[in-house]
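In the two complexes that follow, chain A is the common piece, with chain B as its partner first and chain C second.
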Partner chain A sequence: MNPSTAISGHSTNGAYFFRIYVAGGAPNSVRALANLDSLCRKHFPESHRIEVIDVLLEPMRALGDAVLVTPTVVKVSPAPEQEIIGNLSDEGEVLRALGLPAKENP
Partner chain B sequence: MNATLDTSSARPVHNLEKASTLALRLAHAENALLAFSCGQVDSIVDPGGKIYLLRPAQENLRQNERRLLAVIESTGDVLVVVNRGGFITAQSSASLRVLGYEPAEMIGHSIFELIRDDHLAAVYSAFFNVIEGFQEHADTSFAHRAPDGSHRLIEATLGKLRDGSTEGLVFSLRPMRTSFGPGTEAARDEQVSAPPSLGKDRFIAVLAHELRTPLSPALLGLEDLQEDERFTEARPVLTMIRRNIELQSRMLEELTDFTMVGQKKMRVHLEPIDAHESARFVLEICQSEIAAKAVEVLLDLRAAERFVTADPVRLQQVMWNLVKNAVKFSVAGGRISIVTANDPPGYLTIEVADHGAGISADLLPRIFDPFQQGDLAMQQRHGGLGLGLFIAKGLAEAQEGTLTGASAGLGSGATFKLTLHLAPALEL
Partner chain C sequence: MNHKKSEGALEKIASGIEGFDDITGGGLPRDGTTILIGGPGCGKTVLALQMLVHNAVQDDVPGMFVAFEEDTKRLIANTESFGWKLRELAKKRLFFLSARISPETVIAGSFDLTALLASLEAKALEMGAKLVVFDALDVLLTLLDDPAAERRELYRIQHWLSRTGLTGILTAKVEECTSARLLRYGFMPFMADCVVLLRQRVLERVAVREMRVLKYRGSRHALNEVPFVITDSGIEVGASNGVHPEPQPFKERISTGIARLDEMLHGGIYRGTNALITGSAGTGKSTLSGLFVEAACQRGERALFVSFDENSCDIVRDLASVGVQLTPHLKSGLLRMEAIRTESAGAEDHLVRIKHLIRGFQPACVAVDPFSALVKVGGELAARNVAERLIYLCRNQRITLLLTSLLEGKDPALETTPLHVSTLADTWMQISYSLNGGERNRALTIIKSRGSKHSNQMRELIFSDTGITLADPYTAGGEVLMGTLRIEKENRVAADRERQRHELEQKDREIELLHLEGDLRVEAARRDLQTRREELERLTVASKAQPDGKALREDEVVRRRDKKLVSEQTLRGKTNGGHPRSRAKVRSKK
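So, the complex of A and B:
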């Protein structure tokens, strides 16, 4: 299996592209991925892509991308690139930190 | 120099880039730290490319902790967690009722501050037995003086805390039925004022061992220095240091033996031994002390049957003690005698006599008690802990023999008589 897994919405070249660094099935990582997925489905159902990078399988990639800890989520697009660390349990805070618009009354 | 001037115009831009990169990295690190402190991080990427997985489910742990604490408090016990040094690091909230202190007041204080002085030894020994792993749990009890001046009797169970990262003890405290004020009859309650003696001895043995451990490497190092030609001038000082370390080591050895004898736990291996040979050997190892005081030794090995049933090492230890004592209490240039006999038949006696300080009639019955060495002045003059005779007697008895002492009084010298069973005739 390819270490990097893409989880996509309807469009594979969506406007919202996230990269999430996880540590295998560690609890915060699993939670962060679930939260990110649900956030994307809720706010950007038409156009998002999530790339999952397991640092246990690709440690050198994590190092190359200057990832310090997991879970780390990087918003690759739309620019500017921004990152957030943690299990993403506070949705409002995540949107704010990544500079994303919240969808009113989804 | 020129290079510095040349780059001065280009530098600000370069520095700005560098600064913003640094700021970004710093922000990342801060975010990571924040997430870390919230328990939301589960692995760390090491600059070497290694991934460190963190222990998961901190939240669950905390929940379990709370539940555990609630269960404990419902039992009515007070739990006090202390570190290796006895300092209180945590405790349950019932402490106000049992100890009279607010829980927060006690954090950082030593648990031993809570215990009345005369009960400290018992609690110390329980503490050491558990923390050193001699016992899983230890029960003890002590009087505690509450802030209101009243004394409370408290029962305690000590157990080792095992949570992997820290080392410490948990005191589980509960009030005993009686509570009393200072000076009342109950304050002298026999039950709490007599510390369990086994625990105390164990404590002393552990302590003596711990105190002795650093001395061996120190002695080895000293020996090297004494042989090193660069320190020729310092040799008298090195010799003095060595003598003192050796003295300390011997005293601690005595303490260890003392507790063994006290507990009647001295292990002996009895076998037929030539007592005369042992006596000669002991004289040899005492030679430097004998020479230093110019003491004359009369050795009269007149016993026809010289094989006794004894432990070779322990027999020498007893004799060494007696000879050393005789030399110690002799005046310079004095005379000591070592005489063996088969009287009564079936036994071998070894009498070690000196013509020195002697023993007063009122002290005589107590010479085999531990920590006895005449008066204080005598103790200071002769050094040591005053355990030698106590140990010697204990060792003699462990070898199924006896040791007695006699003296005609102060200034008349003393005679010690070791009696041992003869070994059954050897079948040759």
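So, the complex of A and C:
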């Protein structure tokens, strides 16, 4: 498990890069961020990166990235790209979406 | 359907769709929500898009279209046929956003539309948009799978619209407008400011589209369902604005095509009015229509002849057989003939087609034969509504309109049309069959003629290869004679006249003879008189010359006799007493 700072489509070392689009301090967004954070810490403690984009502050960014709802989480890497919408309250669903079994896995 | 334009508090944005602004009393609620609900394929997207386009093109108001279901590129391509030039508009005036959630996306928990609204707001600010369409919003909302959440999002949109001052149009699909289905999105109508229900159904095998303003907060609106059609240039809603147009004052009269008929109408029918000809099959309604348009073309005016279920060539040929020549006018472009198959579309579609023809060709006279065909596609109510609107349209544009209506057998004597438009007609003429003397002849009657007196005499309509005319009525025993009987009567009358003429001549001659005779007699009498006068004169003259002529002689005779006697006596006395005889002898010798 090598730490990596690279942000690219192909991450050779399997680091997870997430982008989360939030709507300021909206309840769902706050929940989502918290859930994502906790999930990452749990499953890939050293090799994850979360970029937070506030659509209220950067609306054109949301438009450009085709983000319609909040919260939206995009797993940028490792490939394939995966979009998850919702406050991530259902952890099992999230893990499935990420292609991870419901247990620790590098 | 009486309503005024929006008054006071509620401001409206005109949709630009003919008829829609009428039923909503001015258009959509400004910075409010309008929901268009309807089943699949009933035209919600087209309607919403058309409003956007109109505002962008006519009023230079930029707008945004958020497509939750359709691919925007496909949408632009599909609506290309309307001629809206969406591609051009999409560059500056209109913003199209594809808002489809990919099927790959995983839903893990509750979400909201904040991102979308935030970006739209920014975009609206950037381009100055005032209108935004959320098309097929239900597609997104169903993903929430939670009615409470759906409701919340709708509120969010409403508040957002209000805050940003944008006018929102939402479209949502409902399978069938039954209460069960509507319950799912039942809250939507309660929340929106204006709700319009669109419906497509099949009526007697004809597809009919209708829309109804279910609700309009703070504004009066039309309550009834109105028909609409999707033409090749967009949606047209078939609502008249409920106000009867000001009738233009009657002035000029134009010919019907039959001189005698014009006479009966005191010159013809008034320009800009409408005439209705009713009759059963074969009575000659199409012929009269042809004459009407021919007369118009002969005056140098453009005429439009719309026929239902008849081939234009056949019509031209049939008319030529009675001396009506339409071909030269077709060639010159003054006459436009449009043959429509009734079954091809609904009554509303046909009206739109006719309206477009009128708009493009700008005729002065229009004939529709038989208008009653529209009853077959859409029912009597729809057909009557269509008839009304066509009449109003033509009246407004001072187009003289001729409608023919087929009376279906039942009882022509009842003289009611299946459309009941006779009350709207300015002039109403009926052609009926008259059976007498073993013949079936055509009889024309003017039932009604607004604005002028008319004869209520039934006249025979005669078709010949040199033309069509109306015969003088021959009444006998209270009935009008037609056909052979009429000819017979005509002959009799002619013979009578001839006889009278002869008699008169005869009398003349007699009188002349009498005169001559008289003259002669007078002459003879005169001559007689003359002769007698002459005689009298002669006698008078004669008696004057010898006043006592006769008496004189007698006296003389007596005297001479006396003298002779004396002388004889003397002689005898001398001789021997003398013989008177001898004296007499002597005297006679003298």
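Definition applied: the second predicted complex is superposed on the first by the 87 of 106 C-alpha atoms of A that agree within 3 Å, B and C clash if a C-alpha of one lies under 4 Å from a C-alpha of the other, contacts with A are read in each partner's own complex, and residues count from 1 in each chain.
In the analysis below, a residue touches a chain if its C-beta (ideal position, glycine included) is under 8 Å from a C-beta of that chain, and two chains touch if they have at least 3 such contacts.
Being a predicted model, the structure only gives us computed values, none of them experimental.
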Joint occupancy of chain A by chain B and chain C, clash or fit: clash
Contact breadth on chain A, by residue count: chain C or chain B: C
Contacts of A:Ala26 with chain B and chain C, given as first, second, both or neither: both
Partner chain in contact with A:Val94 - chain B first, chain C second, else both or neither: second
Which superposed partner A:Ala62 touches (first chain B, second chain C, both, neither): both
Contacts of A:Thr70 with chain B and chain C, given as first, second, both or neither: both
Which superposed partner A:Ile84 touches (first chain B, second chain C, both, neither): both
Touching partner for A:Val52 - first (chain B), second (chain C), both, neither: neither
Overlap of chain C and chain B interfaces on chain A (superposed complexes): 23, 26, 28-29, 55-56, 59-60, 62-63, 66-71, 83-87, 89
Sites on chain A touched by chain B in the complex: 23-24, 26-29, 55-56, 59-60, 62-63, 66-71, 83-87, 89
Residue ranges of chain B touching chain A (in the complex, touch as defined): 25, 28-29, 31-32, 34-36, 38-45, 47, 49-51, 53-54, 56-57
In the complex with chain A, residue positions of chain C that touch it: 97-99, 101-102, 104-116, 118-119, 121-123, 140
Contact set on chain A toward chain C in their complex: 21, 23, 26, 28-29, 31-32, 35, 55-56, 59-60, 62-63, 66-72, 82-90, 93-94, 96-97
